[in-house]
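Please go over the structures that come below.
Shared between the two complexes below is chain A, which has chain B as its partner in the first and chain C in the second.
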Partner chain A sequence: MSDIEREQRLDEQEETPHQEPGGYAPSVAERLAVYQKAGGVITPVITAILAFFMGGLVVAATGHNPFTAYKAIFNGSGLNWFFHVGSYDIGVPFSDARIWFPWNTSDSTLAKSGGLAASSLAAANLQQTLLIMTTLTLTGLAVAFAFRCGLFNIGGQGQWIVGSLMAVWVGSSWANMAKPYHVFLAVVLAALAGAAWAAIAGFLKATVGAHEVITTIMLNWIAYWAGSYLVGRDGPLQNDVDKSIPISPDVVQNAKLPVWWGNPLLQGLSIGFFIAIGMLVVFWITLNRTTLGYEVRAVGFNPEAARYGGISVARSYILAMAISGSFAGLGGAMDMLGWQYRIGVLDIQVSTIGFIGIAVALLGRNTAVGIFLASLLFAGLYVGTRSTALPDDFPPTLASNLTLMIQAIILLFVGADIIVLYVWQARRRLRPFKGRSPVMPTTGEAS
Partner chain B sequence: MDVAPVLELRGITKRFPGIVANDRIDFDLRPGEVHALLGENGAGKSTLMNVLYGLYRHDEGEILVQGRPAAMHSAKDAIGHGIGMVHQHFMLIPVMTVTENMVLAAEPTRAGVLLDEGKAIERVRDLSQRFGLAVEATARVQSITVAQQQRVEILKALYRGADILILDEPTAVLTPQEARELFSIIESLKAQGKSIIFISHKLNEVLEVADRITVLRRGKLIETIGRTGATEAGLARSMVGREVLLRVEKTPAQPGEALLEVEDLRVLDERGLEAVRGISFTVRSGEIVGLAGVDGNGQTELIDALAGLRQVATGRVAVGGKDLTSASPHDHLEKGLGHIPEDRHRRGLVLEFSLAENLVLHDYADKPFSRIGWLLPRRLLAWARRLLQEFDVRGGGPQTRASALSGGNQQKVVVAREVARDPRVLLAAQPTRGLDVGAIEFVHRRLIQERDKGRAVLLVSLELEEILSLSDRILAIYEGQVVGEYGPDVSEDELGFAMAGGRRERTAAA
Partner chain C sequence: MTASADAPRRPAALTDPRYVAVAGIVLGGLAFWLTLPPLATRTPLASVAIGFFAVAAGTWAVTRGVRRLGWSAVAAGVIGIGLGLAATRSSTGHLDDVVAWSALFAAMLRWATPLAYAAIGGMFSERSGVVNIGLEGMMLSGAFFGVYGADKFDSWEIGILCAMLSGAVLAFIHAVVSIQLRADQIVSGTAVNFLALGLTGYLFIDKYGEQGSPEIPRIPDLDSTSRVVGPLFERIDDIPFIGDVFGDLSLMIWLSFALIIISYVVMFKTSIGLRIRAVGEHPRAADTVGISVYATRYAAVTVSGIIASLGGAYLAVGFVGSFTENMTAGRGFIGLAALIFGNWRPFGAYGACLLFGFSTALAFRLDVYSDSAATLFQALPYVLTLIAVAGVIGRSIPPAAVGRPYKKQ
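So, the complex of A and B:
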C-alpha cells in the first residue's frame, strides 16, 4: 500500500509542479533526493538507537543499570581514548613544550606519573577495536560489493578462511624473501585466493543459475573442513614444532605487516588498518568511477535493463563475486599478517567474522561510509563487552549476550528497514499541509 | 434532465505532501447515465475514484449516495453503498472458475459452511443473461479471454449488488471489436438503470460511450459537458491546456534500401512454445512499418529476437545487410540497432540510476564516456544536459534519478537515448504506452522525424490508431504469423478483423 501510494504521489507531483512566482520551488526530484538521503541515513541510525534501547531494557531487567553498562562497554572499546582533551608532552626536541590534543598522545608520559593509567588502557583497547574493525570493514565490503550487483554473498566466512590460509602459507614459507616483497606477495595471493573461492559461486550463478546463497554457504563449509584438515593434526599445513597442536606454522618476521601503534607482541595495530580504509576508497571508486562499477550497479538494480543495455550479466556476476571474495580474502590476510600470525583449527571453527560482515554491510547500507561506521560500531561492541573490559559485578554472560542481542536486533531492524522508512514518511504525511513546503526543509536533518 | 443524482461528490479535496491531487472536485452521477472522467495521467482521476471507493480518505468535501452523506472508509463501505469498481488490472484468481471468482467472499452456502455450487452457477447464469454478458460459468478464468475476464469483473460487481459501476480504463486491454462489444454491454447496463463512471484518456471512445464528460487537469475540475457539443479537439485542449495535434502530419514515405531483413523467423517463448512462427518481412530506410496485433500474438518475442535479447530458433535476421541472427545484444547495438522497449520500467531504464547514467546505458564503455575502464562523469553530465534539453525532458536534471520522473518524461529519456545513438534501424515497441496526449504527440513527431532522416522504423503497437496514423506499411500479426500486409489507408475494421484471426480463418475456409 505504501509503495503504491508513494508511487502515485510521485506521479501526481510530477504532473503538477507547484511554482510560486518569485520564490524558489525545489523541484520534486530534488526533494525526493533529500527524502531518500534522509531515509538512507536516518533509518540505520534509528535502527541502532532502537537496538541499544532494547538491549538497555534487558540489562535493566537483570537489575543492572543500563547506563553504567553502556559506559563500561564504551570505555572497554577504547573509544574514550578520544576524549582525553588536555595538553601533553610529545617530546618536541629541545623544549618542554606541551601541546593540546583531544587525545592522549603518549603513554610514556603517564607511565612516568605512575603505572598503567586509564588512557594507556584506553589506547590498548582502541587498538583491539581497530584491529577487529579492520577485518570487519573488509568482510563487510565483501558482502556489500556483491549486494550492489544484486547478489547475497553469505560466503564471506569461507572466503576469509581461504584468504587466511593462503596468507599463512605464503607468510610462513620462503623465509629468506625480502620484507616488502614477502608482505606484498602474501597479501595479494590471499586476496586472489578469496577471489577465486567466491568466483566459483559467481560462475555457478552465471552458467547454471545456482543460487549464490546456497553455493556460498556450501563453499563456507568446504573451506571450514578443508581448513580444519590442512592445519589439523598431521595436516599438510600443520606446524613442525609441536605435532600435538592443530595449528599452522608461524608467519615469518619478514612477512608480518608493520605495526604502527602499540606493541607488536601485544596485538598492536598494523598498517592493515590503513589498507582497510584504502579499500573503502577503492570500493567507492570502483563502483562509481569505472565502467565495471557501472555494469555491476546496473545489473544489481535491474539485470533485465542491463542485458538490454548490452552488458553481459554473467560476466558481471562472476567479476562481482570475485571482487567480493578478494575483500574477504584480504581480511584474512590482515588478520594473519597483522596480529594473529598463525591459524589453528579452533580459529577456523569459532570465527564468525565473515558473518558479522553481513551485519556490517546491512547496517552500512552497502556504502563505503556506512561500512566504515558500522564496522566501528560492531568492533567496539565486540571488544567492549569482553569481560575484562566490564566492571567486576557485571555478569560476563550478560555482556557477551548483550553484544549478540544488539547485533540481532540491528539485523532484524535493518532487514525490516522498510517499516522504519515507512514510519519516517508517514510522519511527514501526517504533518499539516502548509501550501508549499519551505525551501529544502529536510536538508538540516539529512546532513 | 433534473433527476436526483445517485451519487454526488462535493468539493472533494485530497492532498498528498506538497501536492493537491484533487482540488475541490464536484462530480455527480445520474441514474442510468454514463459519466466519463477524462484526463491525462496524473490528472487526479484515479485519486478521485480511490476516494470514492474508500481506498483513500479525502481531506475535505463529502460524498453523497442517493442524497445521503456516506462515509467511505474501505472498499467494503463502497460495496455496501452499491458501488462496484472494475480495476484496470483484474483481481481474479486464474485457477478458479468464473463462478467461484464471482461469488468469492459472498458465497451462497448450504448448511452454513458448504458452497452451494448449483445455486451459485444458477445465479451467475441469471446475471449474465440479464445484462447480456456472455460468459461460461464453469470455465476456469485462466482459460478465457481478457475480454471475458473483464465481463467476469463486471458481473462480480453486479453480483455484489452494485448500482454504480466504476470502469477504470476498461478498453486498454481490448481489441477494437471487443471494445465495441463492451460499449454495447454498457448500453444494456444503462438500460437496466445502472449508472457508470467511465475513466479514460482516449477521446474517441469517451465521445462514443459517455452521456456527460468531466475533464480533470492537474487535480482541478476543468469542465463538465454533455456529449452533444463536445469535440475531440475541444476535449484535448481541456485535458492538456493547449492546442494538440491529434493527427500526425507527415509527407509520403520515400523508402530506400532494405535495412532490416527478417526471413522465416521462428522464436520460442518461455514455455518453449513457438511464439513467432515463420515471419518474413523487410523494413527499408525512410519508412515506418507498423506491426498491428492484439497483445500476446508474438510481438514481444519477435522484438526480443530482433534485438538479440531472445534466442532465434530458426530463420535469419540482418541489420544493414549484416547477419545478426545469433549475435549478442551488444553486437546488435554496435551494428546500428536502436530499440525502444515496450516496458520502460522493466527494461528501458534503470530506475535507480540518474538520467545521465541511463542515457549512456549502451555506450558507457565507449568513447567519449569512458577511457580504459574509467567513467568520465563530466562527459556523462554534459551529454545528458544536451539530450534533456533537445528532447524537452522535464522534472529533473542529469543527476535526477529516473524513478523521480513522470512516465512521459521517462519515455522521452528512452527515446532520446535510442535516437541519439544514430541507429540505422529503430524498433519502437509500444512507444506511447501509458503516455498522455502531450507526450504521445511528441513521440509520434519524433518517430516521423527519424523516418525522414532515413532510418528504418519498425513500430509495434496495440493501439490501432497509432499504427494507422504513423505507418507507411502495416503488417497484421496473429498467433505468431503475419496474416496480412496493408497500405496506410486500410480501414480500421479490416485491420481489426485480420488481427483477430478472421482473415486467416476466412482464407482457410475458402
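So, the complex of A and C:
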C-alpha cells in the first residue's frame, strides 16, 4: 500500500464523524483528485475568485472603491472589446477582401464626438493584453514542463532575460540578412540560449544533485546582473547612438516579427501570438504523444520507479530543463522581436514576467488549456492595472501592486488547494449528498 | 602502542597537504596584496611568482586528496595573479581611491549585516525542515513597516517592533500554508515574496504617494558621543585601524554580532536547538520521542521571519533612512545563498555574508574604473554560490528533511 493510499484511508477515518446519513463521504484528498481528473476546473476558478475577492478587500480597506477599480481594470485590459458588438468588417487573410464581422478590429476608428471610439480603444488595449499573454503563455509553459518532470523551474525570469538578450543581439546584428532567415535565426538562437541557461540547472541536478530551486534562483540573478552589464553604460551590447542611455541597439527591420493586428509602430499584435498558441500544442503533444514526454512524466511521478523501468533520470532532468528554458527564451524573443525591439537595464531590472509564469502554470494546473486561460487572466490583469483609464484615486502605480497581491494570493491558495476544497465541502454539507460515489483515484497528485 | 595510533603525532605538520593548501590560499592573497596600497608594487613579477607558488601548492594538495582547500588555493593563486596584474596596470591615484582598507572594511560590515539577518533567519527555518524562499519578502516588509512605524510613532524603536511584527505575520502565513496545509514550500515562499512586494508597494504609494518616503528617526550609530557606551568608543577610536572600522557602526550591526553568537549557542548547544535540528533531519523520529513537529516548525519559521525582517529594518531605518519600492533588491536571496554557502551554520553563513558584503563594498568603489565592471561584480555572490552547490569546492549538504511537509500519524 502506497503512502498516498494510506493517507487517504486515514483521511477517510478522520471523516467518519461527519458522514452524511445514508451516503458515502469522500475525503478531501479524493475530491481533489476527482476534480483534477475532471479537468480540474472548479478549484482554480474558486481560487481565482477568492484571490480577486481578497484583493478587493485590500482595496476597500484602504478607502478605494473595489467595484470601480475592478471595472476600470477590466476595461483597461481590453476584454470589454467583446461586448462592443456592432456591424464592422474584417480583412480576409492573404487577400484584399473584407467581410462582415461583429467586432470592431480597427484601433483607429473615430467616434462621432471626436476622439477614439470605445470599441477601437478596447481593440488597442486587447492587442496589449494578447501581447503580454503571448509571453506569459511561454513563461508559464517553462514552469509547467519542468513541473511535469518533478522539477520546480523558478528560473523562468533568468531564461527570459537570456533569450531576450540573444534575440536583441542577433536581431540588431547582420542588418542585410533576408527577412525570413533573420527572424528564424533570432528566434531559434534565443530559444537555444534559454535552453542552455536552464540546462545548467538540469545538469547540476542530474550530476551532483544540486537542488534546481537554488540553482535557478542563482542563475536568475546572474542573468539579471550580466544583462545589466551587457546593455548598461559602456557595456558591450549598449547602443552606439546615445552612450548616456543604458539600452541596447534597436532590432533591425528585417528581424522584426510581422504584425497582423494593429499598428506596428504602436505595439500591434505580432504573429508571436500564434507561435505561443503553437507552443501550447507542442507542449501537449510532447508530453502526451512522445516517448520523451512519457519519460519526463514517469520521472515526475516517481524517479525511482522510472529508473527501475529503465528510463535515464539524469537525461530526463537535463532535457526537461532545456525544453523549459527554450520556452522562456522563446518568450524573450517574442517580446524583443514582436513589440519591444530593444532591451534596457530598466526592462531587465523591473520585469517580473518570468515570475508571473509560475502563477500561470500553477493556476493552469500545468495543462495546455489551463495555461492558455490563466495566461489570459494574468495578462488582462497586468495590462488592465497599468491602464491610463483607471480612476484618479486609483492610479496605475497603486493598481500594478494589486496585480502582485492577487498573484500572491492565488499562489497561496493554489499551493494549499485543500483550503478551497474545505470551502467547497462545507457548501456541500448544507444539502444532502446526492452524488454517485466517485471512482477511487489511484494516483495521487493530491498529496 | 601501534604505529597507526602514533600517526597523528608524527612531526609531519609542514608537509601536511592541508597546511600546504592553506599556505597556498595565503600566498594567493599575498600576490594581490603586494600590488595594493600601502606597498603598491609597480611590477607584476613578484605577484605572478607568488601566485604561481599558490597554484602549485594547491595542485599538490589536490593530488594528495585535500580537494576543498586545494582547489581554493588554486583559485586564490589564479585570482591573485589576475587582480595583481590589473592593479599594477592602474594608476596609484585610482588604487588609493579604491583601497582605503578601513573604509572598505566598515562598508563591508554595513553591507553584510542585512544579509546576515536574512541568513540567520533562514537558518532557523531551514534547520527545522521548512525551506524559506520568502526571506526576501520578509525583509522587504520589515523595511516598509520599519519606516512606517518609525514615522507614525516618531520612534525607531517602535519602527523595529512593527518590522518584527510584520515579519512574524508573513512567516506565520508561510508556516500555516506549508506546515499545516502541507502545500509546496517553494510555492508558498514565492507567494510570500509577491505578497510582500505587492503589499509594501501598494501601501507605500497609498500612504506616501506624492511626498515619497517620510523623514524618520534613524537607528543610531554607536560612537564616542553615544549615551552609555560613549567612553568605551573613545578608547576604541584611539586604536589605529580598529578605530576607523568599528568607530561608528549602527546599533543593528553590533546586535547582529550578538545574534550570530546567540543563534550558534541556541542551535548547537541547547536542547531547543537539538529539537529544531531533529525535526529538520528526521521528523518521524523526533515525533516518536515526543517532540511536536508542528509546534517546533511553527516556532522556527516565525522566528525566522522576525530575524529576517530585522535585516530589512536595518536597511531602511538604519542604513538608508528611507523606503523605496522593492528596496531589498534580492538581498534576501543573497542571504539564502550565504546560508547555503556557509553550510547552514551561523559562523559559516556569516563568513559568506562578509565575503558577499566585501564584494558589494568593492563594487561600489570600482566605479572609478568603469560602471560596467562594477555592475558585473554584483553577480559574484550568485556565481560563488552556484559553484558551491555544484560541489566543486566541497558539497553543501542541506538538512535531510528540508522541503518535505510532515504528516502526523
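Following the convention adopted for this analysis, the second predicted complex is superposed on the first by the 349 of 447 C-alpha atoms of A that agree within 3 Å, B and C clash if a C-alpha of one lies under 4 Å from a C-alpha of the other, contacts with A are read in each partner's own complex, and residues count from 1 in each chain.
Basically, a contact is a pair of C-beta atoms (placed from the backbone, for glycine too) under 8 Å apart; a residue touches a chain by one contact, two chains touch by 3 or more.
Small disclaimer: the values here were computed from a predicted structure and weren't measured.
By the touch criterion stated above, A:Phe152 is placed in contact with chain C alone, chain B being left untouched.
In the superposed model, A:Met54 makes contact with neither chain B nor chain C. By the touch criterion defined above, A:Leu362 lies against chain C but remains apart from chain B after alignment on the C-alpha atoms of chain A.
Residue contacts after overlaying the shared chain place A:Ala306 against chain B, while chain C stays out of touching range. Look at A:Ile277: by the touch rule set out above, it reaches neither chain B nor chain C. In the superposed model, A:Asp234 makes contact with chain C only, not with chain B. By the touch criterion stated above, A:Thr291 is placed in contact with chain B alone, chain C being left untouched. Residues 10 of chain A lie in contact with chain B in one complex and with chain C in the other.
Residues 5, 8-18, 27-33, 36, 288-295, 297-298, 301-302, 304-312, 428-429, 431, 433, 436-437 of chain A touch chain B in their complex. Only residues 7, 10, 58, 62, 152, 154, 204, 208, 210-211, 213-215, 217-219, 221-222, 224-226, 228-229, 232-235, 355, 358-359, 362, 395, 397-398, 400-409, 411-412, 414-419, 447 of chain A touch chain C when the two sit together in their complex. Those residues of chain B that touch chain A in the complex are listed here as 15-21, 40-44, 46-47, 59, 218-219, 307, 309, 328-330, 333, 339, 341, 346-353, 357, 361-362, 364-365, 370, 373-375, 377, 395-397, 400-401, 403-407, 409. Only residues 131, 133, 173, 177-178, 181-184, 186-188, 190-195, 197-199, 201-203, 205-206, 209, 330, 333, 336-337, 340, 370-372, 375-376, 378-379, 382-383, 385-386, 389-391, 395, 398, 403, 407, 409 of chain C touch chain A when the two sit together in their complex.
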